[in-house]
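Both of the next two complexes hold subunit A, though its partner changes from subunit B to subunit C.
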Partner chain A sequence: MKKWWSATGLVAASAMMLAGCSGTDGGNGSSGDGEGGKTTLTAWAWNVNVGALNDAMEMYQEENPDVEIQVEDLGRLDVYDKLSTGLAAGGVGLPDIVLVEDDRIGGYATAFPDGFVNLSDMGFDDNADLFPSFKQELAQVDGSYYAMPFDAGPGGMFYRRGLFEQAGVNADEIETWDDFLEAGKKIKEETGAFAMPLDKFKDDPTFRMMLNQLGTYYFDENGNIDLTSDEAVMAMEKLIEFEEAELIKEVDGWNGVVSATVDNSVAAIPFGAWYYGTIIDQAADSSGDWGVFLLPAFEEGGNRASNLGGSSWMIPAGGENEEAAYEFLEYFSTTPEVQLVAMQDYGLFPSLNSTYEEELFTSEDEFFGGQKIWELFANQMADVETPYYTEDYAIGLDEAIKAQADAFNGMDPAEALKAAAERLAERTDREINN
Partner chain B sequence: MRSKTLVPYMFVAPAVILFSIFMAYPIIYSFILSFQSGQGSNMEFTGLDNFARLFSDDIFITALKNTFILLIIQVPIMIFLALIIANLLNSALLKFKGVFRVSFFLPAVTSLVAYSIIFSIMLMNDGVVNQFITAIGLDSIPWLSDPFWAKASLIIAMTWRWVGYNMVIFLAGLQNIPEELYEAASMDGASKIRQFFSITIPNLKPVILFTVILSTIGTLQLFDEPFVLTKGGPSDATLTIGMYLYQTGFRFFDFGYASTIAYVIVILIAIMTFIQFKVTGDQE
Partner chain C sequence: MKTQNKIKKVSLLVVLIIGALVSLFPFYWAAIGATNTSGSMFSKPPTLIPGSMLMENIRNLDESIGISRVMFNSLFIATTYTILALFICTMAAYAFAKFQFPGRNVIFTIFLLSMMVPYHATIIPLFKMMAALNWLNTYQAVILPNLAYPFAIFLMRQNLLAFPTSLIEAARIDGAGEWKIFFRIVLPSMKPALAATAIFLFLYQWNSFLWPLIALSTTDMYTFPVALSTLFGLSRIDYGQVMAGVTIATIPIIIFFLLLQRQFISGMLGSAVK
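What follows is the complex of A and B.
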């Protein structure tokens, strides 16, 4: 009996040692208030967002000297993997603040209903009108706010002035996708450059922007599958028209798009405003050669406003610093100066409406040949339709990419979308429209 | 006396504790999870529903088919190549054996993700491989975008990565075959090829069985290569069970169903291994 006890004791002791190792990075809700009553908030974010968060904290500290922030710079997908695992484990090891892209907010808030702080309960509804309507809708689940809107990705075609001029094409005259198709053919003939890049078999950003522009998405506002709508078929058919004219350059993932951007092999890149940062960074020696026009419409006078990407802040529930995190994030999200810094220094396009009145938004951008690109982006914000991502967005994306792959491999676009919609219905128990 | 009896426990304690936390607990917990369904934290017990769902899940069946196509084509090619190379490198006539052995083994030490990325770059539409193919006057091949060629690309990449590894195991096995057998066969006038099939292969049988089982397990768990090279596409043409498991758990948040898939992989591996033992039939 004694032997047994000592063995158990040993096991327990070693277990405690192990626990001690993992306990140092402060389980749920960070290190809490450290020495001298200071509150240290912890946050997970990626890329340029980290700098924006740190700078905002410096500005915040002028009024609130007893708050600090510790931001962990993780990869975008690593944030999601850690967040999913932490939430699945019942909310262990999570930070006070986490950055989440808009298309994932609904998924997280629905899959983990107790996982995040309900911001409406803390009074965020009073701030709602400060943001464009589509951003408001994206931050809510069942009428309550679970996220604070941050950046947005108003869409545009980033184009090479040099290639357009060489082919004698005037970007201002491109109003419809058909105009752009004709322009693309001319450019290809004169310069050999493709009209746009696309990772045909692995991602569908252009299709998504087109859907958003046409006021639809994978799902409609009732959560029904909308992939078989006339609009979705029209969008996919348009892409295939470009493909058949050999105007789409096949690229491999994000890096492929960037290298096509840099090596002048594509004339235009349809993306969100955040791509500005990548262009000035990666293609630094092509200053002045760039311009932007809005996504072409599907018919003369049709909607040209669109949005791709954007993210918001969420507060995991159960942390010690929920209040402090809320107050800081509210300051972050609703203070134009903070948003301006994020925009100027990090290229993160704000969704806070009042920021657009700042001087920057009427200034000319040298890198883009003196064009007032920020005004162009900001002016479409109010017209952006809400994309209804739902909690099944990841599965919708999976099926839409398959539909695109099938269409590019020769299947009729309408049939490819129909098949995808049926698989999606099977996987999500949702209804298909029409 | 007491301290003496304690010593062995102290030595095994770290291993036992680590095993319980990182192996035993997940194994048990995922078993329980495999009877639950839902998204994220909304889990409920659904009994055997998950297992029933597998049979009507077209994507799972596609993944299963893909995995078995890869298994049936890739493993024999790889094992056969490894056998031939091991034999050549074992030949007394060959000089610079060390250099050759190292160069064939080298792929096996590269990281799975790193080599997959290199292959994806080489196999791109305008990548090195297609540039070479068009340079000699042939049409470029849609390596990663055509359902057939995407599978072929995976097979080529995996064969490159694993041939050397199996070759080394065979080389070790070859050292245990007595030289006299070959001498006697030569005296009787058997050709080298005859010797390969009548002496080498029968004598290596246990080793071959071992590598086939290892490769089967490896292929059933295949994840890195399709994840990096093709993301399972185009349109699920290279989706493996391992990838579907990851997607279900970490992208679609259905940890219950993902656990069910994990257990199905375990069962499949057990069945496959059992069959291989039976087929190759150890007489004893």
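What follows is the complex of A and C.
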């Protein structure tokens, strides 16, 4: 017994010492000048964006050999946990560069007005025209740029060629949601497959894409609640029409959507261009069976452009390398070659307009049956309406999902949306549009 | 009478076997996932037999997160934490259980009440403190803040209450010092309780996610759960890698449990017999 405890004591003591020592090699996350006058930028990003950032730095170094980058690979939501903590603690331990999704930019810039570098002050406005108008608007707060536009998620219906053919449906002839409803019925009858998947009670991506397509969102450009608009009601009613025709497959969360995608139980999945990567990764053995068409319009000749998702770069204020970070990010965001690498190697759909002139965007994709899908996605970018997320986006999302759940549970869509708008008004102190 | 007993026994066994299968299935599913391609997680009917992708998944995972480094970080943090916390919590529990001092119950109650403070509420003050100490991204930032863990103190105190005070008094009369009494007389009889608390502390630190995520900021300092979390992109997730990672992450816990199992189970039986 005696031995056991003295051994424990020894280990404890040495552990203490080790713990004390490790502080020196850890660094503290903030950046500084490395040896030899080199500037090391630090960045937080998730998943494939890390590779894109590193590759871009390699290209950047050809002209700027004295800059380096250290990118920390974090989970997407983990970036926000760390960013919020650091900002709330008064700007400690933050990187020089951070990737933020477009629907969060407004929230961060409003909650922490001094937390991020005002890019307009550094001259970013001159570059604004290089991007589609909705990306420009999403990167601004009160008329100043706080983010540099990066990737986007132009919308599309990813569909199974096999199921469509089996039912004798031609995807090119689907122009309106009503056309798709009819096609869906035919496909269900012939093949048993549902028209689309949806997590009816937990997420509303299809509703959001429809809203975006109709030029509205949870909020309008003045920040008023727009859930009771005719467009919003029309979108929700359309979803319910699909539900009543038993064309929506109920799935559980993201994994459920992927599962339905892989097992051939849905004929189409409405999502952003980034879903391409998921399909080729998870359904690798279904090459050639896929195609894309634009989101159907609500009326013949109506708008079919939409967007779901996308992210931008922000620079936390107070770092030593603000200037260097800005210069690198400007290079990253406005250089077509960089965006092309991000697209080709990492599947990140660019929002820099000039990239669309590259050959890739007119090439055929084998996995998608030789269709020119990138051209299809790129061509709608200029027409995408701005979704007004505001800093209350998370609350808006929460209430919209509740409205969707109510509607799928049998409540009248207009009433469900009205109730949601009222709850939203209560929670955010915003006006409801009539 | 005898057959009735037998039926009882058999039906109990059946229920237990079903229970065991249900609890083991997720582990089996994860292990199977680790040996197959990412997409096969979603195939119908589900893939239930091992595939041939294990080595490739592990290789990819190693490329993504650097298995040995994060495994070392996690093991070092969890082991150091368990040893230190066990030591501190046991001493605190001994004081609460066997010493008379003014305010003893008040202090103990405050300790218990502190369990009701949501952990998230402490994150930002703790982060500021670590930043002021210049300890961000160090091992001690993860190890030190939760050393005095109220539940572990509570657990040890309850066990120590059962220790006969007369034995302590007898030792005092025989001239043993307080340290000697603690180490030579009290602790040896507490091995089952110590083992249970150690397992509890180790599990707590091994699974801990939010604070290590916030406190550690470079990839080479990440713990296993934080590193695993980086595998989840917006739309691209390699489930083969994820499942390989999850499977690997459970191995140390199983080993640790097996090491202490004998102590642990004899402790449970002991209290049952008493």
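Operating definition for what follows: the second predicted complex is superposed on the first by the 405 of 434 C-alpha atoms of A that agree within 3 Å, B and C clash if a C-alpha of one lies under 4 Å from a C-alpha of the other, contacts with A are read in each partner's own complex, and residues count from 1 in each chain.
Just so it is clear, contacts are C-beta pairs under 8 Å (C-beta built on N, C-alpha and C of every residue); 3 or more make two chains touch, one makes a residue touch a chain.
Since we're looking at a predicted model, the values are computed, not measured.
S.K.: Touching A:E72, do we find subunit B (first), subunit C (second), both, or neither?
M.R.: A:E72: touches subunit C, not subunit B.
S.K.: Give one of first, second, both or neither to describe whether A:Y275 is in contact with subunit B, with subunit C, with both, or with none.
M.R.: The answer is second: A:Y275 touches subunit C but not subunit B.
S.K.: Have a look at where A:A283 lands relative to subunit B and subunit C in the superposition and call it first, second, both or neither.
M.R.: second
S.K.: Under the stated touch criterion, which partner chain does A:G90 make contact with: subunit B (first), subunit C (second), both, or neither?
M.R.: A:G90 sits against subunit B and subunit C alike.
S.K.: Would you sort A:A382 into first (subunit B), second (subunit C), both or neither based on which partner it touches?
M.R.: It touches nothing on subunit B or subunit C.
S.K.: Using the superposition described at the top, determine whether subunit B or subunit C touches more residues of subunit A.
M.R.: Looking at subunit B versus subunit C, the one contacting more residues of subunit A is C.
S.K.: Does the superposition put A:N47 against subunit B (first), subunit C (second), both, or neither?
M.R.: The answer is second: A:N47 touches subunit C but not subunit B.
S.K.: For A:D81, is the partner it touches subunit B (first), subunit C (second), both, or none of the two (neither)?
M.R.: After superposing on A, A:D81 lies in contact with both subunit B and subunit C.
S.K.: For subunit A, which residues lie in the overlap of the subunit B contacts and the subunit C contacts?
M.R.: The overlap between the subunit B and subunit C interfaces on subunit A comprises residues 2, 11, 15, 18, 81, 88, 90.
S.K.: Taking the touch rule as given, give the residues of subunit B at its contact with subunit A in the complex, in rising order.
M.R.: 2, 5-6, 9-10, 13-14, 16-18, 21, 39-42, 58-59, 120-121, 124-125, 144-147, 230-231, 233-236, 247, 250-253, 255
S.K.: Applying the document's contact rule, which stretches of subunit A touch subunit C when the two form their complex?
M.R.: Contacts found on subunit A: 1-2, 5, 8, 11-12, 15-16, 18-20, 22-23, 26-29, 46-48, 70, 72-76, 78, 81-82, 85-86, 88-90, 92-93, 255, 258-259, 261-263, 265, 274-275, 277-278, 281-285, 309, 347.
S.K.: For the complex, which residues does subunit C have touching subunit A?
M.R.: 37-39, 42-44, 64, 76, 79-80, 83-84, 87, 123-124, 127-128, 131, 134-140, 143-144, 183-184, 187-188, 210, 213-214, 217-219, 221, 226, 229-236, 238-239
S.K.: Subunit B touches which residues of subunit A in the complex?
M.R.: Touch list, subunit A to subunit B: 2-3, 6-7, 10-11, 14-15, 18, 80-81, 84, 87-88, 90, 107-108, 110-115, 200-202, 250, 252, 256, 391-392, 394-395, 398, 401-402, 405-406, 408-409, 423, 426-427.
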